[in-house]
Amino acid sequence: MSGRHFLQIPGPTNTPDRVLRAMAAPTIDHRGPEFAELTLGILGSLGAVFGTTQPVVIYPASGTGAWEAALVNTLSPSDRVVCFETGHFATLWREMAVRLGLEVDFVPGDWRHGVDPQQVADKLTADAEHAVKAVLVVHNETSTGVTSRVAEIRRAIDATGHPALLLVDTISSLASIDYRHDEWGVDVTVAGSQKGLMLPPGLSFNAIGPKALEAAKQARLRRSFWDWQPILDANSRGFFPYTPATHLLYGLHEALRMLDEEGLPQVFARHQRHAEATRAAVRGWGLEVLAVDEREYSGSLTAVSVPDADRIRALILDRYHLSLGSGLGRLAGRVFRIGHLGDFNDVMLAGTLAGVQMGLAASGVPIDPGGITAALDRLQRP
Amino acid sequence: MSGRHFLQIPGPTNTPDRVLRAMAAPTIDHRGPEFAELTLGILGSLGAVFGTTQPVVIYPASGTGAWEAALVNTLSPSDRVVCFETGHFATLWREMAVRLGLEVDFVPGDWRHGVDPQQVADKLTADAEHAVKAVLVVHNETSTGVTSRVAEIRRAIDATGHPALLLVDTISSLASIDYRHDEWGVDVTVAGSQKGLMLPPGLSFNAIGPKALEAAKQARLRRSFWDWQPILDANSRGFFPYTPATHLLYGLHEALRMLDEEGLPQVFARHQRHAEATRAAVRGWGLEVLAVDEREYSGSLTAVSVPDADRIRALILDRYHLSLGSGLGRLAGRVFRIGHLGDFNDVMLAGTLAGVQMGLAASGVPIDPGGITAALDRLQRP
Amino acid sequence: MSGRHFLQIPGPTNTPDRVLRAMAAPTIDHRGPEFAELTLGILGSLGAVFGTTQPVVIYPASGTGAWEAALVNTLSPSDRVVCFETGHFATLWREMAVRLGLEVDFVPGDWRHGVDPQQVADKLTADAEHAVKAVLVVHNETSTGVTSRVAEIRRAIDATGHPALLLVDTISSLASIDYRHDEWGVDVTVAGSQKGLMLPPGLSFNAIGPKALEAAKQARLRRSFWDWQPILDANSRGFFPYTPATHLLYGLHEALRMLDEEGLPQVFARHQRHAEATRAAVRGWGLEVLAVDEREYSGSLTAVSVPDADRIRALILDRYHLSLGSGLGRLAGRVFRIGHLGDFNDVMLAGTLAGVQMGLAASGVPIDPGGITAALDRLQRP
Amino acid sequence: MSGRHFLQIPGPTNTPDRVLRAMAAPTIDHRGPEFAELTLGILGSLGAVFGTTQPVVIYPASGTGAWEAALVNTLSPSDRVVCFETGHFATLWREMAVRLGLEVDFVPGDWRHGVDPQQVADKLTADAEHAVKAVLVVHNETSTGVTSRVAEIRRAIDATGHPALLLVDTISSLASIDYRHDEWGVDVTVAGSQKGLMLPPGLSFNAIGPKALEAAKQARLRRSFWDWQPILDANSRGFFPYTPATHLLYGLHEALRMLDEEGLPQVFARHQRHAEATRAAVRGWGLEVLAVDEREYSGSLTAVSVPDADRIRALILDRYHLSLGSGLGRLAGRVFRIGHLGDFNDVMLAGTLAGVQMGLAASGVPIDPGGITAALDRLQRP
């Protein structure tokens, strides 16, 4: 098939060729001086992306591993945690917590809303004995395109005076949607390499606040690979306690430079513009965006409700070389997801939306072809 | 600037990353067995792209060099040739012929039409003494988006019984627009690597018919670097008489494989569809395509008449990371050119046309925003 | 510094540029059909490298993670395991077992020998109640260059009739030193991407025998990320339960093709020749190989005893752009290690040994310069 | 075949992976602002490599083309030039001059010496009418490993007061062996990309002194593609008169940065050390270096006299994955040539010489195995 493939799933994203070329450099000694310089350079600029001056631990592992790391470093067997059913990934994180031996209070949801700060407050207020040790929030639900309001959740927790930790998954929001680990008082931020950071999958992260670091001293879930402390110790000299994923670190170094060149505020604004243009297209077609609360619209992906979504996606992939995200879990077959995050621009988005429009039409979905024009209208504004 | 650059000039084209990766292999010995295998493999499949079973000579040089090669191998000082003013590149080739010491009969044109077969016939009929030694035709004028009808030109020449050679420049048509060196009786076909062949610039070609090979024995323009014969001799063993551009040959090998995978008829059809969709957009905007005769519409690029074209192009490059071709020569500032050739697909074209539409609007050109929709309408048909 | 760096640590190894180029392909959808084809292709040929027809699980994580996976999938809290102090990595694996809540019987060693099969037999014979659930063996101790005789260990276990599982770390032996998961009756084989498999670090493996798969059903160490079962389930359709390290899988696919092209028996023989030539050089210099039992000489690396080893290594890196492995743990500063594994050949080894020889001389170590000649003597034989 | 290939022909040389990665960037618009910046950056630093502040013209062509350019820009039909038979390439350049219609006075030589400055003086002194328009000198004969003393030749010309131009081929010396276009008063320096400049083949150069530029105004050899003037005109704005070899320019930009990082004096000294070590090996083996005058030893390659050289080369390629240069022209089968130029270091040279030593031994050539040790002795000194 001729031309470039458009990888418009909500991550992994289109890796910039600058990053791919950086990753194609020869392997170096992970115990040598050149490596230490690389690590220290990365660690010096990585925090800014999380909005933190606290340590960020890098795992040579996928994002799911960083979920596990956040739990095993801070919690003990049978500890109670509160999770919110915002979608597929929140559900998976909850299942992980159960498997690791935690007691999970799972607040049901409709997969179209984010975490309700008031519900967080209610849960914690009701927990007078402070049995709840942590609140788990997925910042941006990749399965639904709904972004929870972490700052408000933090304020809700603070208002209760409850000491529970706040653990936040930013896998599909980091470096795409405004996020502030320190300012918002998040205790552990979980992230991955393959979305806004524009890298291939294979690295994941824990940004660690002081309260979490303190909790780690008492936490009794068994941990070895995921243990923060040996990593923090070795990082101080530019090394890792076990063999790091050297080439992904090359890529991370380059990606951080790219984010710095564009500027994080510009990156966030770009994602918002693209999300708005995408919603304009969806509505222009006469279709429905899954997210219902405009305060929770995702900047990095848009889920579109449509029957027989998988057949449409298959046609679009086959005919237009354009990959869209499938409906996951209870949304299987009922939505497709347009990723508009990472290394992206107006013309790529226009091509993407044009491909979706043509694919919908070819699939027999009754749409208004003005969707694309509505999107361009939005894109013509800053 | 985030996201991929869209290189929509009419060549060099977007080099596929498969080709770039093939070119990134280590250098090999150009006199060794591995190299001979590479060359013989390329020479075995290259002819099909030209529609020939005759030899094709590869130069480690740009397309302009292949123009020179076509002349110095077949002609002698003061020989008369006929050229047609179809646009900027036809004009440049004529200037080269003059500089090399040929007598040039330059038939004027309006830069909106191709070569008129009847004019060719008239010129040759009038040349009773057969002073004209060659007719030079640019198959696809890259400066105007007009494709001359080479098969008809050949028939016109044949009808006169005149022995002039037919030299054809296919730099922006080869592997994009149907072309048949043997069937159409072309004597020398000139081509370059950086358009339909999807390579970076740096290689160029002469496909050589038997009459041209015979003419080379008598031709007395001085030649050394461009001389066909030493190349043909060395090629038979898989080598070159001087150091070839090894890495571009790696790329050529991969590009030929890609063309074979898609199939040349499919490649030509794809270019036609994209050209039609582009013209639909142009007309949808209420603008004018430079080419006037529908038999001569180019499959590889479309020139659009618009005042102040360079300012528009600059804005589109700046705002949308999308490069368009400028007006050249007497068209400077009066047209922009959209390249839709090489490694390309529907979604890339839609993005391109969306970028042009937004750029025109932002430049204050009064356009109808239905252009993009008209293009998608066309793209939805096979 | 001019010229290529020689990465002659015992892993990560020099990644072949073929692999680096394969890894530079664009990211694809890890839930799409192209990805499924990639996975199934890899899984279809990966087992051969382990000498198994049983499942092999691939983690998007470093080798240390695969150690943890082998333990948490097969064992329960307070289970007893036997480890052998063959060197630094055996010691680290033991520490991991302790941290994960296992009871570890650590048989002391001198870091110059491999696991003694008789000691294994003695330990198991003494364990009449079958409290020992697993025997942990590092096949090739990367810190010492000593290879334990796994086939003999297996026979020793079998002779006792003890049901303990045999877990073997092949991180620095797989695809370098003859290894047979099925034939030798290993229950779990642990491996990593960055040594004989010639990839960058970032993937690791568990090859899983039927007894281990059965044990996993009862094992009660908490696991989620490392759990075999969801991976095996998803793998059957060509997918993974969480985002895989796509680009490293591209590299793995290419590396498996390279191993197949050379042929595993040839790969093993090459490593043996290079190991013999390296020992010839060491002895030629008048220095001592750390390994003392010739049945245990490593095919993938050679540790050389020398005072002030780190200063020598630093000089060699600085002057000759050649990285050697440092002494680890109790060998710190007392040995350097020459890696001769992965994508390597005679001329690269000769360059490596020449660099070491020049570096030793420049460091003031009294050596006989005939070392290099002794190595070439060996290399001149098949 | 496992491991890296050693490309030790005297060019093309081992392209550094930094350069290959730079060349793998996407194609850009050769008429756009990014391209202009690239060109002006290159032109600003390229002169230093030639030792000139005069213009350097870059051709998208191989070195042979730059030979032709030097002649057609400065000479007229039937002009007399003096060439010296220093080896194969000097002979080819002379043949080109003849084919282009020049009168060539070819001073015979034994292919073991460089140009004798006294002979130059004699030739010019004898030419009282100044019929000789140019003296053609190959600085470093790639076929013999003999370097002519250009500074002395210049002085010899000056002493005669003869106005002939001095045209010098530095294809295998530029950026390897000390060279000073301005200081030595060279009129045209011819160079190529694929040797000391560490690029793949495909670019070539003319550095142009003021006398040559003046001569170009009168020169009547027909020229178009090679014409300096349109290139110089377009270069002033950062462009080229025809499509440049964009990706090789990316590589050139990176290679110039690498040369600058190492420093030209260090680059020249490194080549001299490697040449001395190579000669030490050759003599250590008991074999003969082709070059006889120690003032003319080449820093970039060493030709070794040995019977049946092609069989030896084939064995070394086959067994050791190491390419050596063949004997060319009258030296065919009688020498092999070791290239030690470009991106190279001590350990790569040691590997190369080890491979040659093992190959000579395996071929039955009676050699002293002390050759490699003699080379290492030399390499241990600065």
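Residue numbering begins at 1 within each chain, and the chains themselves are lettered A, B, C and D in the order written.
One rule holds for everything that comes next: a residue touches a chain if its C-beta (ideal position, glycine included) is under 8 Å from a C-beta of that chain, and two chains touch if they have at least 3 such contacts.
What you are looking at is a predicted structure, and each value in this text was computed from that prediction instead of being measured.
Student: Where does the C-D interface recur among A-D, A-B or B-D, taking recurrence as more than half of the contact pairs being identical by residue number?
Tutor: Most of the contact pairs in C-D are shared with A-B.
Student: Going by the touch criterion at the top, tell me which pair is linked by more C-beta contacts: B-C or A-C.
Tutor: Looking at B-C and A-C side by side, A-C shows more C-beta contacts.
Student: I'd like the Å distance between the centres of chain B and chain C, where a centre is the mean of that chain's Cα atoms.
Tutor: Comparing mean C-alpha positions, chain C is 54 Å from chain B.
Student: For chain A and chain C, what's the span in angstrom between their mean Cα positions?
Tutor: Using C-alpha averages as centres, the distance is 34 Å.
Student: Among the residues of chain C, which are close enough to touch at least two other chains?
Tutor: 4, 14, 17, 21, 24-26
Student: Of all residues in chain A, which touch chain C in the complex?
Tutor: 4-5, 7, 9, 11-15, 20-21, 23-33, 59-65, 67-68, 77, 95-96, 99-101, 192, 194, 200-202, 221-225, 227, 241-248, 317, 323, 326
Student: Where on chain A does chain B make contact in their complex?
Tutor: Residues in contact with chain B: 1-4, 6, 14, 16-17, 24, 258, 262, 267, 270, 319-322, 343-352, 354-355, 357-358, 361-362, 369-370, 372-373, 376-377, 379-380.
Student: How about chain A: which of its residues touch chain D in the complex?
Tutor: Its residues touching chain D are 17-18, 21, 24-26.
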